[in-house]
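We just call them A, B, C, D, E and F in the order they show up, numbering each chain from 1.
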Amino acid sequence: MTHLMILPVVIPMLAAAWLLVNHRASIGRQRVWSIFSTSVLVALGVWAVVAAQTDYHTYWLGNWQPPFGIVLVLDRLSAMMLLLAALLALFCVLYASRGSDREGSHFHALFQFQLMGINGAFLTGDLFNLFVFFEILLLASYALLLHGGGRARSRAGLHYVIINLLGSALFLLALGILYGLTGTLNMADLAVRIAAASPDDQTLLKGAALLLMVVFGIKAAILPLLFWLPRAYSASSAPVAALFAIMTKVGFYAMVRVLLIVFGLDPAQPLNAGVFLWLWPLALATLGLGAIGVLGAASLRTMAAYLVIMSSGLLMASFAMAETTVLAASLFYLLHSTCLAAVFFLLADLIGRQRSDGYDLLSVTAPLTHRWILGTLFLVAAVSMAGLPPFSGFISKAWLLQNATGHPHYLWLWGITLLAGLFMIAALSRAGSGWFWKPEPFTGRQRRKLDPARVATVSVLIGISGTLALFAAPVMEYMTATAGQLYHPSAYVQAVLGEPATKTGGLTP
Amino acid sequence: MNWLQRWVPHPLFAGFLLLLWLLMNEFSFAHLLLGAVLAVVISRVTQPFWPERSKIKHPGRLLRYLGRLLMDILKSNLIVARRILFYSRQLEPGFFTYPLTLTDDFAVTILASTISLTPGTVSAHYDREGRCLLIHCLHLEDEAALIQDIREHYEKPLQEIFDD
Amino acid sequence: MLPVLGAFASWLLSRRSDGTSIRAHALLAAVAPFTGVLLLASHWPQASDQNALITTVQWIPQLGLDLSFRLDGLSWLFATLITGIGCLIILYARYYFDGKATAPRFFILIQLFMTAMLGIVLSENLLFMLVFWELTSLVSFLLIGFNWSNRGARRGARMSLVITGGGGLALLAGILLLGNMAGSFQLSDILSQGETLKQHSLYPLMLSLVLLGAFTKSAQAPFHLWLPHAMAAPTPVSAYLHSATMVKAGLFLMARLHPALGDTELWFALITVTGMVTLMVGAFVAMFMHDIKGLLAYSTISHLGLITLLIGMGSEMAMAAALFHLVCHALFKAPLFMMAGYVDQATGSRDMQLINGLWRWMPALMIVTLVPAAAMAGLPLMSGYLSKKMLFSESLLVTAPHWADVVIPAWVTVAGLFSVAYSVRIFHNVFFNGQPRDLPVWPPKHKPAAALSPLAILATLSLLVGLAPQWIYDHLVHLAVLQTTVSHLPAYDFSALSDAHTPAMMSLVAMLGGLAVYAARKPLFAIHARLPEVDAKDIFETAMQRTIRFSQTLVYRLENGSLQRYLALILLTTVALVAWSLLGLERWRGPVPLSSLNPLVVFGISILCLSAIGVVLFHRHRLPALLLLSVTGLFVTLTFAWFSAPDLALTQLSVEVMAVVIMMLALSFLPQSSPKESRFPRIARDLFVALAAGGGVAAFTFAVLTRPVNSISDFFLANSVPGGGGTNVVNVILVDFRGFDTLGEITVLGIAAVAVFAFTRNLNLKKRVAESGHAHWVAEPHPVILQMVAHMALPIALLVSAYIFLRGHNMPGGGFIAGLVTAVALTLQYMAGGLVWAQARMRTHFRSLIGAGLMIALLTGVASWLFGYPFLTTTFAHLHWPLIGEFELASALLFDLGVYTTVVGATLLILANLGKLMTIAGPGKEVG
Amino acid sequence: MIEWAVNLAITVFAIAILLNLYRLAIGPDIVDRILALDTLMINSIALIVLFDIRLSLGILFEAAMLIALMGFVGTVAMTKYLLRGDVIE
Amino acid sequence: MELMIAAALGILTTCGVFLILRARTFSVVLGLTLLSHAVNLFLFSMGRLTTGAPAIVGLTESSADPLPQALVLTAIVISFAMTAFVVVLSLKAAVELRNDHVDGENPNEDRL
Amino acid sequence: MTASSMPFVLELVISLFLVAGALFALIGSIGLAWLRDFFMRLHGPTKASTLGLGCLLIGSLLFFSFQRGALSVHEAIVTVFLFVTAPVSAHMMAKAALFRGVDKGGPSRNYPDR
C-alpha cells in the first residue's frame, strides 16, 4: 500500500484549502500554487500508469479492511484516466491563467476541488464514495460553469444543476436498492453478493443497474438525458469547457467500472446484459443526434458541445457491444476525443478573441487577425476530429470500427459513425471556410495581439493528437491490456477482497 | 483585578455558563476544568456581541423575581385556559399602551417577556423613543388597573434589580 | 521509393524560409518530381519483372496499418504519370503564377498533393493507402479554395470535400470490411484471395462501399457534381488534379482491386452502368458548356465514365483499353486545360461566346492545341482515335447480360458523337468562329514563349502515342494491365484493331454525327437555353442548407431550453427502463413477514404525506409552501427520531432550518407568487410522470423491505468501541470507518459556500422586492427585544454546541451538528443585529475558516502517515491524569473539529453573502 | 401508569398537532400560519420527549433542544422577512 | 407497516417530482427538497426500520443498522449544500434573466 | 420502561406532570384553532403551550433522574430556553401582524394606527 495512491485526492484538496485560507493572495500566487498542484498531479498520473502496468493496487483508507472501510483501487483504467485528467487539467489551468481566471472569484480553488472530485471518482472502489466524489466534482463544475457570470451561464447553469440533482437522487435510490438487498457498498463485495443473489433479487438488482445507467448516462450524455449539455458546455468559459471534456468521460468511466465489475462478475448470467441491451440503441441515437447537432450548431462552442455528445455516443455504443477488443478501441478513442473536444473549446475562445465581431458565431462573418496561425490550428484540429488521417481521429476510429466487426449488429455502428463523420466534415469545412476564407483581411486600426501562451497551449494539446497517432502501437497495447483487465472482474474482486472471487455469498465478519 | 476583567469580562455570566456545563454533564473534576475553560473562552469570544453596559446589581432579587414569575405564570395560565375553553365568545380583546419608567433595554426586555408570559397579555411593540410598550390584552376590562398591576408587580422589582 | 517522400519532406521544410523569386520556387518544386521520374525510370526493370517490389515498415500492428509500399507495373504507370505530368504542371505554374504572391502556397500544396497521390498508387497496405486517399481530398479542398475570396471557390471546395470525403468514409468502411474478410490489409494477401472474397456473404456490401469511394473520387454520376465546380481552382490545379491525377485515383483503385473483386455480375452491373451514365451525361452536358474549363470538366467526366465502363467490362482487352485510354486522356486533357488557363489569363475570360477567332493573336497556342483537341475528338492517327476504337470493339464483345450486346455499342457511339461535337467546338469556338466580343482584357496579354513549352511537350507526347501505339503500349501499359487481371494475356495487338471493321464504322458514324451536331449548334443552344437551368452547386448548397436548417430545427426543437421537458424525459426514461427490468419479477413481496402498524407511525406518516401534498397545493404561494415544507422536514425528523436514528434527527432538523432561512433570504428577490400557468394536459402529463416515479419508489421500498439482508454493519457494531474508540457507531462510521466520505461531504459544503460567495459577489440587484406596508413604525430593522435575547442565546448555544461536539463520539451529536448549532446561533446574531453589526464583530474570514477546517481534517488524515498507517487512520487513548481522572483522547476528535470549522465557515459564508445583497455593504464589497 | 400517561399525552399532543395543522392550512394570514408552525414545533418537542420516555432511551434531549432553538430561529426569520422583506440586512 | 412506509415514500416522491416539473425555480427547489426527503428516507429504510434501538453500543441489546444512517447523514449534508447552491443560483438567474421561469422560450435567445 | 421499580408516588407525580402538560398544550392549540382574531390566537400557544411543555419536561426530568439515579437537568435547560424565547417569538409575530394590518377590523379594540 503506497501513500502515493491517495495523493491525487489529497494534493488538489490541500491546494484548494490552502488557496481558501490565503484567499487574499494575489492572483499570480494563486496561479503558481494551482499550476504547481496540477503539475504534481501529472507526475502522479505518470506514476500511476507505470505502477498499474504490473498489478492492481489497493489502499485501505483508515486502515479498515474492505469491504468495511473505503478502499481505493488503482488499475490500468483508473491510472489512465488519472493521467488524462491531469494532463487536460494542466492545459486548462495554463490557459485559464492567461486571464480568464480573473473573471470571477476563486477560480483556482474551485478548479482544484474539481480535480479532487474527478480523481476521487476514478480511484474509489466504493459505490457510495463514488457518489460523494460525484457530488464534489459536480458542485465544483457548477461553480466553474458559472465562473464569470452572465445570463447564458445562469440559465444553462440552472438547468445543469437541477438535472444533476435529479441524477443524484436517482443515484441514491440505486444505492439504497443495492444496499437493501446486499448489505454492502464495496464494489468488489457487491459484485460477489450480486452474483450470488437469488434470481428474484437479481431482477430487482437489474432495476438498480438500469437506474445507475441513467445516472451515469446523464453525466455521460446519452440520448434522452443529454439536453442540458449543449448549453451548459457552450456557455462556460473556454478553459472550463475544455476541462468539462473529461466530465462526460467520468460518466462513461463510472458506467464501465460499475457495469463490468459490479454487475458483471457472474460470467454465465451477467446482470449487465440487460443494460447493454438498452445502452446500444440509445447510444447509437446519441451518436446520430450529435452529428445532427454538429451540423446545426450556431457557434463553434455549441458545435464542440455536440462533438462531445457524438464522442459520448460512440463510446457508449462501442461499450454496449460488450467485447474486450471493442472496449480497448473505445478507450483509445476516449483519449483522442477528450483531447480534441478540449482543443475545440479552447480554439473557439482563441479565434473568438481575434475576431472583430461575433466571437465564435458561425453566422457572423468578421475579419480576424492572425488568419494563418489560427487557420492552420483549426485545420489540423478539424482533420483530426473528423477522423481524417493521419491523426489520432483516424487511427482511433479505424481501430474501433475494425474491432467492432465481431458484434452481430456492428453495421449499425459503422453506418452511423461514418455518416456522422460526413456530417462532421460538412460542418467543419463550412465553419472553417466561413471564418478563414470568407472575411476580408483585418483592417481595424488596433491589431489584437495573439497571446502566444494560449496558442502554445492549444498547439501542444493538438500535438498530443498527433503523438497519439504516431505512438499508437504502445498505447493500443496498453488499452488492450486495460480492456482485458476490465473484462476479468474476478481478478479485481480478488485484489480488493483478498480471496478468490469464486467464493459465493459475500463476506461476513 | 484588571487581568481578571480582561480575561473574564462577565464573571457572573461565565459562572452561569460553568454551572450550565456542569448540569449538562456528570460532575467530575475534568468537567469542572473543561467547563471553566469553555466558560472563559466563550464569554470572551462572544463579548463583542453583548449588550452594552447592562449591570445586574442584585442577582439575588432577580432570582426572587423569577420565582414569583413562575408562580404567576402557573396561576394565570389556569385563568386563560378557562377563558379560552369556556368564555371565548365573551372575550373583549384590545390593545393598550404601557408607559415605561425603565430605561435599561435589558430590563425592558425582561419586562416585555414577563408581560408576554403572564397570560392575558402579549407585548407587541417596544417604542424606544416614545418609551412605551404596546400590549395586546385577551380580555381588556380596566386598562388603568392593568397598568397599575404591571407597574407594581413587575416594573418596580426590575427597577430595583437594575437600579438606575 | 522512400527517397521520393524524403525529398518532399525536406523540400517542404526548406520552403518555409525562402521567399525569393518564383523561378526559385518552381525550380525547387520541380526537383522532387523530376527526381521521382528518374527514380521510376531506374526502377523500370524491377517493375517490368512480374513480381512486385514491396517495402514494409511496421507502424500500428494492432490496426494492421503498416508503412508499406509496392512497386509493380500498375503503380509504376501511375507514378510515372503523376510525377511526369507533375513536372510539366510545375513548369506551367511557374508562368501562370508569375508575379503572384500566392505562388509559394501553390507550390507547397501541389507538392503535398503529389505526395498524397504517389502514396495512393504506391501503397501496399490498403489502410495506408486510405491515409493518402483522404489526404488528396483534403489538399484538393485547399487547392480548390485557393482563391478563397471567391464565393464560388469556397463553395466548390466545400462541395468537393464533402463528396470525396464522404466517399472516403465509405471507402474506409469498405476497406475495413475487405481487410476483415481477407485477414490483412496487404494488397498481396488480398489479391491472392479473390475467390474467397467473392464468396463472402458481405461481398456485395463491401464492393458497394469500395466502389462508392472510387466513384466519388472519379466523379462518376451522380457524384460528378463536384468536379465542374472544382474548376474554381487555379488552372494548374485543374490541369493536374482534375484531369490527370486525383480523378484517376478511383480508376486506379478499381483497376487495382479488379483481380480480387472483379469479374462478378455485381461488379459488372455496378461499374458498367455507372460508367455508361457518366459517359453520356458528361458528353451531353459538355456540349452545351460555354465556359472552356466547364466544357473540359464535363468532358473529363465523360472520359472517366468511359474508362469506368471499360473497367466494368473487366476483360483483359477492356482493361488494356481502359489503361491505354487513361494514359491518352492524361496526355490530351492536361494541355487542353493549360490552354484554357492561358486563354483565361490572356483575355480575362473563359466564355466561349465571347472568345472567338484567337488564331490571329495566338497562332502558337492554336497549333499546340490542335493535337490534343484532335485526340479528344478521336480523329484518325490520334491517340484518342485508337482508344476509342478499342472501346468500340470491346463494346461489341460484351455479351454476358442479355441487354448489353446492343445497348452498349449504340450507347458508346452516341457518346462518341457528342465528344466529337464538343471537341470540335472547343477548338473552333476559341480560335475561329468570327471576332472576339467584349473581352475584359484586350488585346490579349502574351506570355513568354517558354510558357507554351509544357503544352508543346504534352501535345508531342500525345501525338507520339497516336503514331506509335504499339510501342507505348508494350512498354508502359502492358505491365500495368498484367497487374489488373488474373490471367497473363499476350500484349494488345493494334494491327488487329486497325483491321476491325465494325469499330471503324462506329467511329465514322460518331465523327460525322458529331460534326453534324456541331453544325446545328445554334438551334441546339437555343433549345438548351430554354431548358430550366440547373446549377449543381446550387443544388448542393440548397441541399446542404436544407440539411443544416433541418438539423437546426430538429436540435432546437429537442433542445428547446425547457428544463421541464428535459426532466420529464429523464424521468420517463428511468421509469420505462426500470419497469422493463422488473417485468420478470415473480413477486413483489419477499419472504420477510410484515410488521404490525403502530398508530403513532400512522399518524406521523400521514402528516408527513399531507404536508408534502400541501406543499404541492400551495406551491404557487411561496411563504405558505415554505411553512408546509418546514412541517415536512419536521416530520422527517420525527420519523428519524422514532426509528432509532437520533443523529439523523438532529442533522435533519438543523439542516432544515438553515435551508428554510436560506430560501427565505432568496425569496425576497423572487416573485411572491406565480400565476397559474400549466394547462390541464400538461398537469396530467406531469401527474402521470410523478405518479409513475412515486409508484416505482414505493414498489422498490416494499420489495426490498420484505426481503432479508445480510449486512456488513455487524462489523461496525462490533469494532466501534475496540477499533474506533466511540460508542456512537454512526459517528464512528462518519469520522473513522468512512471518514473519507465525510471528508468529501465537508468539501461539498465548502465548495457550495465558496460558489455562493462567487455568485453573489458581483450580483447587482436593481430593485428591492419588498412589500409596501403602511405601518413602518413596527418594522424596525433590529427590534431591541430580539437583540437582547439573541445576544444572550449566543454563549449558551456555543456551550451547547461544545457539549454536542464533545460527546458526539459516544452519544448522538458530533462536529457537524455542533457546527450547525454554532452557525444557527451566529445567524441569529445576523438577524437580530444586522449584517454590518454582526460582521464587525466576527473576527475571522469565513473562507479562511472553511479552508482551515478542510486542512485540519485533511492533515489529521495525513498525520497517520507519520505512524506508517494509511490516510485517515485514527487512534485513541484512554488517559489517566491525576486529579482529572480517566478521559479519552481520540484523533477522530481532531477530524471532527475540522468538520465543525468547515460547517460553521460554510454556513455563515452562505448566509452572510445572501444577506449582504440588500444591505449597505452592497454588491462589490466582499463579506466573509 | 407512566406508560398509560405517556400514551395519553402522546394522543393529546397528536390532537394538538392536528389543530395546529388545521390553522396552518386555513391561515387566513401568513402570520397565522407562522404562529401555527411555531406551536407545532413546540408540540413536536413534546412528542420527542415523550418518545424518549416511552422508549426509555434518554438520548433525545439534544433533539428537543435543537427543535427549540431551530423553531425560534425559524420563527424569527419568518417574521423578520415579513417585517423587512429580508432576513439579514 | 412496510406497505405504509412504501406508500409514504411513493407520495413524497410523487409530490417532489410533480413540483420539479413546474415552470418556476422556486417550485423546483421545493420539489428537489421533497425529493431529497424521499430519497433520504428510502436510503434510511434500506437498513430496515427498528424502533427503540439506536446504534449506540451498550444502550440497548439489539441495534439499528448504523451504516445507512451514516450514509443518509452524508446525503443530508450534501443535499443541504446543493439546496443552498440552487437557491442562490435561482436567485442569480432570476435577477439576471429578469424572471424566474425555468422554461426557455427562445432557443437562440442566449446562445452567446 | 422501568416503571415497575419506581415508587408509586413518583410515578403518579410524573404521570400528572405529563398529562397536565399535555392538557395545557392542547388548550393552547385549541386557542390557536378557535379564537377569533390573530392577536387572540397569539395568546394560546405562547403561554399555554410553553407551560404545557414545561410541565412535560419536568415530568421527563423526574423520570430520567430516577432512572439514572442522578439529577438530569437537560430538560430544565430546554424549558428555560423556551421560556426565554417564547415571548420574543410572540413579540415578533405580533409586530409582523401589526405591520401587515392583520385583523384590523377584528374584535380587538384600540387597534393601533400610526
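We take it that contacts are C-beta pairs under 8 Å (C-beta built on N, C-alpha and C of every residue); 3 or more make two chains touch, one makes a residue touch a chain.
Which chain is which protein? Per UniProt: D = Na(+) H(+) antiporter subunit F.
Note that this is a predicted model, so its numbers are computed, not measured.
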{"item": "For chain B and chain C, chains touching each", "value": "F"}
{"item": "Comparison of D-F and D-E by number of C-beta pairs in contact, larger one", "value": "D-F"}
{"item": "Far-end chain from chain A, centres as C-alpha averages", "value": "B"}
{"item": "Separation of chain C from chain F, taking each centre as the mean of its C-alpha atoms, in whole Å", "value": "70"}
{"item": "Inter-chain centre distance, chain A versus chain D - centres from mean C-alpha coordinates, in Å", "value": "48"}
{"item": "Chain C and chain E, separation of their C-alpha mean positions in angstrom", "value": "39"}
{"item": "Chain E and chain F, separation of their C-alpha mean positions in angstrom", "value": "32"}
{"item": "Touching two or more other chains - residues of chain B", "value": "20, 24, 112-113, 123, 125-126"}
{"item": "Junction residues of chain E - those touching two or more other chains", "value": "20, 25, 28, 38, 40, 42, 45-47, 51-52, 54, 56, 59, 67, 71, 74, 78, 81-82, 85, 89-90, 92, 102, 104, 108"}
{"item": "Junction residues of chain C - those touching two or more other chains", "value": "556, 559, 561, 563, 567, 571, 642, 646, 665, 667, 697, 700, 704-705, 709, 711-713, 716, 737-738, 741, 744-745, 748, 751-752, 755, 759, 777-779, 783, 785-786, 789, 793, 796, 800, 811-812, 914"}
{"item": "Chain pairs in mutual contact under the definition given at the outset", "value": "A-C, A-E, B-C, B-F, C-D, C-E, C-F, D-E, D-F"}
{"item": "Residue numbers on chain C that touch chain A, as the complex places them", "value": "58-65, 127, 130-132, 134-135, 137-138, 141, 145, 148-149, 153-154, 157-158, 161-162, 165-166, 168-170, 172-173, 176-177, 179-180, 205, 544, 547-556, 558-559, 561, 563, 565-567, 569-574, 577-578, 580-582, 584-587, 590, 697, 700, 703-705, 707, 709-716, 718-719, 723, 736-741, 743-745, 747-748, 750-752, 754-755, 757-759, 761-762, 845, 847-848, 850-852, 854-855, 858, 861-862, 864-865, 869-874"}
{"item": "List of chain D residues in touch with chain E within their complex", "value": "55-57, 59"}
{"item": "Touching residues (chain side chain F, partner chain B) in the complex", "value": "24, 27, 30-31, 34-37, 39-40, 42-44, 46-48, 50-51, 70-71, 73-74, 76-77, 83-84, 86-88, 90-91, 94-95, 97-98, 107-112"}
{"item": "Residue numbers on chain A that touch chain E, as the complex places them", "value": "128, 132, 135, 139, 142, 146, 149-152, 154-159, 161-162, 165-166, 168-169, 172-173, 175-177, 179-180, 185, 231, 234-235, 298-299, 302, 359, 361"}
{"item": "Touch list for chain F against partner chain C, complex", "value": "77, 81, 84-85, 87-88, 91-92, 95-96, 98-101, 114"}
